[in-house]
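One chain, chain A, appears in both complexes that follow, with chain B as partner in the first and chain C in the second.
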Partner chain A sequence: MNDADNPSPLQNPFIDVPQNAARRLVDRITKAAALGGVLLTISILAIIFIVLIHGSWMALRQIGWHFFTTQAWNPVPGRDKYGVLSFLYGTGVTTFLALLFGVPLSIGTAVFITRIAPRWLAGPVSFLVELLAAIPSIAYGLWGCFVMSPWLQNYLEPVIYDALRHIAIIPVGKYPSGRIEYFPANLVRGGPSGSDFLAGGLILTIMILPIITAITRDVLQQFPAEIEQGAYGLGATWWQTTRLALAYCRAGIFGAIMLGMARAIGETMAVIMVIGNTDHISASLFAGGQTMSGVLANEFMEADHPIYLSAMFYVALVLMLSSLVTNVIARGLLAKIQTERKAA
Partner chain B sequence: MSAQQIATTENPFAGRSPGRRWISRGAMALCTFATAVALAVLFVVLAYIGIRGIEYMTPAFFTNLPLQSPEGMRNCIIGTVILVGLASVLGVPLGMLCGIYMAEYAGRGWFTYLTQLVMDLLAGTPTILLGVIAWQLVVVPMHQQSGWSGALALAFIMVPIVARASEEMLRLVPHPHREASAGLGASKSQTLFMVILPAAKAGIATGIMLAIARVAGETAPLLFTALGNDQAVYNPSEPYPSLTLKIWQYSQSAELAWRHQAWTAVLVLVAMVLVFTAAVRFAVRGRKVHVV
Partner chain C sequence: MTPPVSAENVSRANGAQHGSHSAHAPRMIPVAPDQHVKRHAIDIKNLEVFYGKGRAVHGVNLQIAHGEVTAFIGPSGCGKSTILRCLNRMNDLIKHCQVRGSIKIHGADIYDRRTDVMELRKRTGMVFQKPNPFPKSIFDNVAYPLRIHGVRGKAVIAEKVEKSLRSAGLWEEVKDRLHVSALSLSGGQQQRLCIARAIAADPEVLLMDEPCSALDPIATKTVESLINELSKTITIVVVTHNMHQAVRVAHQTAFFYMGNLIEAGPTDKMFHNPEHQQTLAYVTGQFG
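Coming up: the complex of A and B.
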């Protein structure tokens, strides 16, 4: 589709005489089939939206915007209440934690691959980091559930708990019991549990690391050698030059981060195996929670009455839209870079 | 800090701060440390899977069914393989058609832009939602979970991966090939089938295999569709056994023997996926294939 790659369109300059009708028919059929494939694929995306909106119609009508302001999720018929707030919160907190830990790690790794490692080392390191992406999420989930969570509960979280539990600096609100909630002590309220927001965030960190690293690496490789040499020529240190490179590639790196964020929002299995699966909103990193994809995985099949099922579809719609917005921003940021790369 | 600033007469770097060399060394050390952490995580995860998986592995795992004694997962391994095969039959041709269109026929207009956007969005759709869609499209009309619905959900995942890989590989075929073929009197479709596709087939095969490796490890889209099956039932119209679903089910169980089985199953799954991926990566090292 980029004409820079195809400077002259494919034409047969020699045989302008009437062509074999059968040949022309095959040409047309081939093109029609390819176009048909594209149209079918476009319709898949359309079908996704139609199915989600159709499925959630009842909930959209009955619950509407209250879905986003209701924290309770109680599917018991008669007393049922459906709110996506706690799941939005769960997805948001775990994604935020994943980016908090994952972005520095990924960018550091990408800088190492492109700007520190000798050539013989850069290839294998790249390869190994991409292998992280090939491991299925259920494998991370099993590891997280039986290895990481117990380790967090017994080793890491007690240390953080003891360090923070008595540090009360900023009052941020009140608990239902009437006690004042202080930051940062509220981050560790409840004590170590192992199945909590922190665990969800950590497992997602591992899962978004390879995608952010791979794209940042590709983007950093486009940093022009002239600028680098010029900077060194002016006496810049390695880090000053690297900062130039990071600034030069910032749009692409943001795109990489957004793609990682989209992956974190949509990830299901690994998170539900470590996050504790409760519909609570708590500032505590040691509290259990639930994500949008998690509630779908756990309850979609149990939705046995119409409004419950419709609310599940509503959750799916919200998830789809969150993922869509993130992806569109990411692709927008990356598209510019890819066209530049193709033109180069 | 941008390119323009460098062009000013004042040198922005020299002699600014005396500690800058130490800062530079520190930053370098931090980047190296970040890489070490990433690789350590990979090592620890793989080590646990390897050690636990081998520790609990029994011959019965490969020969018996889940409800037999001693229990195994023969049907789940076979089920996953067939499910992925069915998904490939649906997803690979569609993905290739899209790739061919985008590389060979698409112009520069809004439709091409839309196609690319749709591919990207489809690739980024959370896979559990594709399970929901397949549930609505197949399970609801058929009134039961089935292999077909699971295969459809997996096919949705494969299409954008195969499409992008095909497109990139077709673009790598040098343009003079097309011109030479046309010069010899070949029609556009003859050029496509006899010149371009053969030249790109290794690359496209790579993309397909990476897509297969990717969907073989998927669990979320199968939860509501394939559902899982303890019997050696391989009729796609019925609930279908799958390795990943079994791992999920066993990992949630309190029974120790089942958890042990889950570790072995994860080892088998990861070994299948990683050997596949690593072999493909090794075969195409140096060439550019986007998977993530």
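Coming up: the complex of A and C.
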């Protein structure tokens, strides 16, 4: 009995159990593998970033901030002039148009799915919207180029053109010719073309619908039944209760919009097939343009001298930073609602 | 508030008594001309409630006196909450829920086809089991029912909000931070905020569905004294699992079991000298 009360280390049954050694080794290996995977992922991000800075170093030093104030893009050796402004503008305008059309559509669809549709309909509608995300962007581009653009040129844009071309309300500037530029007539200057900012915006609208709809639907489903009952119990109507739900979910919906925006900023193929591909800044929705990702896709084969190539890397760097910033903001907002929900 | 009364039932002399009911006040529900002035605030007749094919409430008849506190007691699943939720038609929100029989509030049939449910719910405030403040400021929570029912004017709203918060005994605690989030309040404060919100639009009836079950004993005590205070002006129906609470707050008590109303009467009698053996067994803690 004395031995049992004071076991020597050698007799302690919990020390150095040989039959558990293998299991413990598995633990160690799996943890190490997981850590390795994480480090690899993070280092890929870091490496891409470093490569972009390294590649654009020449342009960063020679062009610097002028990159953001110049709209000319002239890659002819000897006459090199590189500015990202028109591509930044193209990305900005198409993204803005996509959000302008896409956000109300997506939120409306999500409200329909979560708060109007009976269950037998909500499932299929949800599925079909998500299916839009499964279509490859080159397929959107092909459809946009051969179906949507001609349709815009022949049917929709002439109607908009006739409606707006003579409406001159606010003077906003002067054209090089000396004529005064008026809003909203300037939005349709040049007449229907079908390959323009409007087409780029519309194709992006369709492409950002699924992500904004799906996330908005998910956050709306989190709207607590107690709060909904509370609102109905006070005599609120369906729409008043829905507004309360949208307000409750606003951070999540904003996060969804930001993710849609990141998609719109980065999207390439479908847009270059409908936007006209000119380095051009114009208020007209019917003018052709170019986006940052578009110029990279169009010209990466042609960048044959160092400063040209370096300017391309610079565009890629600016593009990556814009996407990164929107993504970080989106994640931050999604995290914020999660902590808010825990607090509540 | 007095019900709308047709002239033939009321003499001129009586008419003065009903003067508080302004001619412009919206009428909740069309009132049949043969409706007499009821002493009862709520009159439930042959109420049956079905969820799908299952029957949750079997032919309940119950009158609830004006300006009194009535407690609904009974074991879980006895139908007491279901009946409470018929009184402001919250059951309309549940699919496959079917209500038969009649419920009159101040003589008006709330299950009339033409009933405006929004108006009904405005006039019958409801407090829920779990405090459910909206993710808005304290002020905006109490102002919410006023705003959704079209009250405009900052001064009017501010005045009503203060009055409601005072009635709910919360004013002194929150008057300096009306514009901070309601979610920053403690559970007991949140529930009193929900009471303030429920009475902001001056309802005639207040329905409370186990209002203290998520609260600690001290917060419970505060809410109970609030119920006593509010009952001076509002008819209150409170569903409770806590029999001692019924004794403390209710003038009358109704005991439900398996969807039937077993017995209703003055609280004192219900707990000391009930008519039915089942009531006695429940109130003495033999089951439930």
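To be clear about the criterion, the second predicted complex is superposed on the first by the 309 of 344 C-alpha atoms of A that agree within 3 Å, B and C clash if a C-alpha of one lies under 4 Å from a C-alpha of the other, contacts with A are read in each partner's own complex, and residues count from 1 in each chain.
We adopt the following convention: a contact is a pair of C-beta atoms (placed from the backbone, for glycine too) under 8 Å apart; a residue touches a chain by one contact, two chains touch by 3 or more.
Every value quoted in this text rests on a predicted model; they were computed, and no experiment measured them.
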Is A:L100 touching anything from chain B or chain C once the two structures are fitted on A? First, second, both or neither. neither
For A:E130, decide between first (touching chain B), second (touching chain C), both and neither. first
Could you say whether A:I170 touches chain B, chain C, both of them, or neither, answering first, second, both or neither? neither
Identify the partner contact of A:Q229: answer first if only chain B is touched, second if only chain C is, both if each is, neither if none is. second
Touch test for A:A72: chain B only (first), chain C only (second), both, or neither? neither
Who touches more of chain A, chain B or chain C? B
Check whether A:T237 is in contact with chain B, with chain C, with both or with neither, and answer first, second, both or neither. both
If you lay the two complexes on top of each other, which residues of chain A touch chain B in one and chain C in the other? 227, 230-231, 234-237, 240, 244, 247-248
If we count contacts the way the header does, which residues on chain B are in touch with chain A in the complex? 1-3, 6, 11-15, 20-21, 23-24, 26-28, 30-35, 37-39, 41-42, 45-46, 48-49, 93-94, 96-98, 100-108, 112, 114-122, 124-130, 132-133, 135-137, 156, 159-160, 163, 171, 175, 178-179, 182-183, 185-193, 213-214, 216-220, 223-224, 244, 247-248, 251, 259, 262-263, 266, 269-270, 273-274, 277-278, 281, 285, 291-292
Partner chain B, residues of chain A touching it in the complex: 1-3, 5-8, 10-15, 19, 23-24, 26-27, 29-31, 33-38, 40-42, 44-45, 47-48, 51-52, 55, 104-109, 111-113, 115-117, 123, 125, 127-143, 145-147, 206, 209-211, 213-215, 227, 230-231, 234-240, 242-244, 247-248, 259, 262-263, 265-269, 273, 293, 296-297, 300-301, 313, 316, 319-320, 323-324, 326-328, 330-331
Once bound in the complex, which stretches of chain C touch chain A? 88, 90, 93, 117-122, 125-126, 128, 130, 132, 134-136, 144-145, 148-149, 183, 194, 197-198, 201
Residue positions on chain A within touch of chain C in the complex are 224, 226-227, 229-237, 240, 244, 247-248, 340, 343-344
